[in-house]
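By written order: A, B, C, D and E. Residues from 1 in each chain.
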């Protein structure tokens, strides 16, 4: 903090006017930390795949990642703004790395040991634990489109009340899923924009969505998108629409790609589109920690260079 | 405590840096008690089968076990690190044997009076009772793979918060079950490793899983295991993978066999594989208390000799 | 108390070592009151059928029983150890008969206005009311075998924590029921023993089950009962097995017959079997209060004579 | 309880109509226990002198009394209605003697290590502890006449609220003291009657005062006593006046002598006067436990014979 | 625990029957730890002088003692049963030395920055902190004889209720002080015995007093001591009387000398007298930590040899 508190950071904090100073302070910590500190851009390393996909699928490609210390060290070395993980991974490193990087505690998680069309994560930790572990924010994943999404919205709403009182910003992962959506529809532009809006309306301070495709899933939406000629040809245009859909850019929205993408050029092109479209940055997990250490560092460095406008 | 506080115990406590000193102290009590005190290995006697399977099935083979005093005396005589049981069995002996062996109160239990594909245990006691009874840790069973597992994860998460504040380590029994898993899949290597990882991410200080088979249950996992050539031919290799999947060996993982196994040589081979694979020890219930007293003591002695490296 | 505090009472209290002196004192009150005071045997009059079956079914056979005073007077006159009932019946007599007989407040009840395979009682009163009403113990009914039994186990666990802190013993009625059990299975020997064990593990100080039949319900249990040759031909043998299944006789277990049984000889034979099998006594409701007053007194007197060993 | 529940006990309970059944039940327990059970008379053994006067002064004359078990055994053997003591002495025996005699926990105590004209005891235990220890009543000492007595009245009032909710009768020791009273005045008839009235008005269920002398301390009172010709020549007449001053005999009032009185005949004369004057009994401490064991038992026996009207 | 759980430890735990198993377990931990583990004797190192007397007075004689780690290491090296200190010193070492020695958290402290005849300590920590820090017991100092001692007794009573519920034994330092006592009277035999009795009556599980002189302070007591011929010539006789005054030896009483005593032989003579008089051990602070390290270790070793009966 301090020297990185730029006019751009002040401007972004201004979007959250009325939040208590605790929330503002922690948002500022995220925006002023790391190599991108002060730029208004964020690159966050999240590692929840051990829970979400299982340890073998997640860490066997780069076995160093079985050790919880590997990831936080990687994030620190690369100069990320923050490191996000479930309780176990955070607890395993919070004392040893206290004060070296902002931590985001993922408060719900979902495993894939049961085959489900409509996933419904479990609350796996608490605001209380986030406080005792010195976290800077808490995270929660919603699955808009699932049958029981209302349970999640309500749960998020209650956790957000508690988090705000504790001065902790809410980071909301918003992943459209569920029996009613086609596979392609999960990343459709209209659906992604809708998912971002729902997160913002639920009080998210930071929204995380997947990069949208040009597909339009819902007929009623498609009709309007087409009549209003919402540009959606390029990825940058689609990013711009999602940012617009998140309170006209007055909420921080960050993007992830989808599956492990071996082509680093494709990943850099995504970052360029996010930058061009006015996105606030990237959240990169598997594409980082499943790469060998030095490749991962190099990749993150190149992504950050893009967000620095270099 | 005291003379059994070896460098290896200190090293293991180091994995839990940042936990409050109450949790560290009780972990140390488990690691320094009994014949294996100081070795970093644990052999724990759990007796919850009266609740889980019924008294006749559990104790008729060795009727001395109907008396709650039998088991704790057996554990003390054999030099186990701890004795684990549901409320009733613990209450029945806690005053008479106070200070003679660490006690682990199992906080949830499940009976088999209803035929269920997706078991969901009941909370049967509390952290409050663990404290008044002088317990050293609390235990909780999750069934990853069941339809309602998220209720269990959340319940565990809440109990774990309370237990940690009370300085009590959480021991998590993680048993994959449920309609989506084949019978063979319940002890598949990928599923067992996943179950261990979930327990660790939920904040377990000690994880208890079944010994894994070489089977791979989930297609997406199998693909990675095979491409990454994760060794799984021998039981020792499989133990090693589960230990690795538990934060690269930075969480205590102990193993049980499955059904009552009359062949003591097979049981000793299992212990040898756990030792060779870097496991932290065994939790042995039916195979101990359903044997005649002297056989049980002899078996535990031989198992402990293996963990002593003899 | 006092002259009825015999060595046998002291021996039974010894089974509960570690319980607080409040619980021990109230257990002693139950064991030293009435005609059987000091023998270690109990005969308890419970009247919850008004709630459980409706007033007409319960009291029309002997209309004196509509009056709540009838039952407590009957219990006092007969020299019972205690009188058990739901809140309304207890409140209606607690002041007028204060100090004349120990009272047990039933904390949950279930009506039959809905036809249910899997009954789930309601909490109908509180430990707080038990204290203000001068009760000596509280009661709770579980239905092992029902789909939602885990809700009951957890509720009981929470109430038991509160009751123990208030020095009130828990009396647990354990009635196997539910869709997975055959009608015959509800009183099968293996199932009854299992139900007693569950109550004991949940922390019951006094367990109440139905007299078991020789039937074995669960295949896995039947295999063990037969290979271990658990005697079950006579009722006394079956009582002995249930007592053994209740911590080897270190928890008080009392028995009820089932339906209203007009044949008093059959009832006396049941008491003889309970006595021969080492049971701690009887809980007799309908068979008492639905009989004309003098017959009821005479029946209870004969039952008590059996428990006195006469 | 039970056979000792006489019409006289019912009559006395009738004085307390409107108290909750818990309080009535515990009053009945005091009135039906021991040799005097059912007579409406009480002889209580209190041992708080270890705290109030110091252990040497209290127990050196009969060193068996250093052991907390001595006193409760003495009270049981003699057939007292209850045993009263501070927390330490009650805790030391409550489990071992649970159910053998009603216990009264003295909730405040005062030592004599500071020379004070106006003593002000300390709260040394709680209603919570009385419940967990299985006590039948709680006790509290007030010093009417002291400068800060209002602090005590208020403290008693708050404890009494809590005790009543817990079904525990309040026994109030009412000892006039303080700078404004002459030494003789502390046991003056008018002052003793006044002290009893204050205790009754504060909600005491049982009042304990010293035997009054014929002296009248307060001029305004003396004028009325003389004009109204209140009889006060004999001790029995004075007892009668104190009983009358305690709601016309509708509150239980028991009496103590003062200092250790070696003359057993004088003590028996006091009991005869209490009996003749309609007092409810005696509370005898030092005069009992400082005597050799057999003398103490004989003395209590003779006192009880007097209360039995023999 | 374990091998040090001797019949003598079981006998001492028997004095505390009725305490919850949590308290019994922690008492056992104190009695089975260190070189004296299992003997029934204790040597405890307390370091609260930094607060009580100031750091310069306390640590300048041996400046190594400014470092909080010095003391706990000394206690571990010497094989003490426990180490006692205020919050700051405990917090500074609890994680690093977790599991190596039982810790006692002093819950109140008093500084000497104000010149007071009647000291009244401040509560400086909580049962909650004791639990999170993994402490085995909590300590509290009372000053019987001071004008406001009743405030301390009540505070101790409330803390003791909370500590017992949390399974933590209360260690009570009982130091007679205050305007009413002569300087000599503070360690008079009658006053010391009285102080021990008060602590025991307030529910102390372990009592700490100073070694008494032969002086008798209070006239009323002196009369009884002389008429009852209480032996008090030798220090061993006086220790014996204090032990007797602590529930006839059924509460653990340990002794400290007074001021820093450079003569090690005098200190060893004190230990011999404690041993001869049946005391439970020593609590040695300044005489240990103000000596050079090796001298301190040697002194503690010689004291422990005395308690081992060598």
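As a working rule, contacts are C-beta pairs under 8 Å (C-beta built on N, C-alpha and C of every residue); 3 or more make two chains touch, one makes a residue touch a chain.
Fair warning: this is a prediction, and the values are worked out from it, not measured in the lab.
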| note | Note: chains that touch subunit C and subunit D both are E
| query | What chains do subunit B and subunit C have as common neighbours? | reply | E
| said: From the C-alpha centres, identify the chain that is farthest from subunit D. | reply: A
| remark: Cα centroid separation, subunit A vs subunit C, in Å, comes to 58
| field | Centre distance in Å when subunit D and subunit E are each reduced to the mean of their C-alpha atoms | value | 36
| query | Which residue numbers or ranges of subunit E touch two or more of the other chains? | reply | 17-18, 20-21
| request: Once you've mapped the touching chain pairs, tell me: line, ring, star, complete or other? | output: other
| query | Tell me, which pairs of chains are in touch? | reply | A-B, B-C, B-E, C-D, C-E, D-E
| task | Could you pull out which subunit B residues touch subunit C in their complex? | result | 50-51, 53-57, 59-61, 63, 66-68, 86-89, 91-96, 98, 109-115, 120-126, 128-129, 133
| If you look only at subunit E, which of its residues touch subunit D in the complex? | 15, 17-19, 144-147, 149-154, 157-158, 161, 176, 178-181, 190-191, 193-198, 200-204, 218, 220-221, 224-225, 228, 230, 241, 244-245, 247-248, 250-251
| field | Of all residues in subunit E, those that touch subunit B in their complex | value | 1-2, 5, 9, 13, 17, 20-29, 31-34, 37, 79, 94-95, 98-102, 131-134, 165-167
| said: Show me the residue ranges of subunit E that touch subunit C in the complex, using the header's touch definition. | reply: 17-18, 20-21
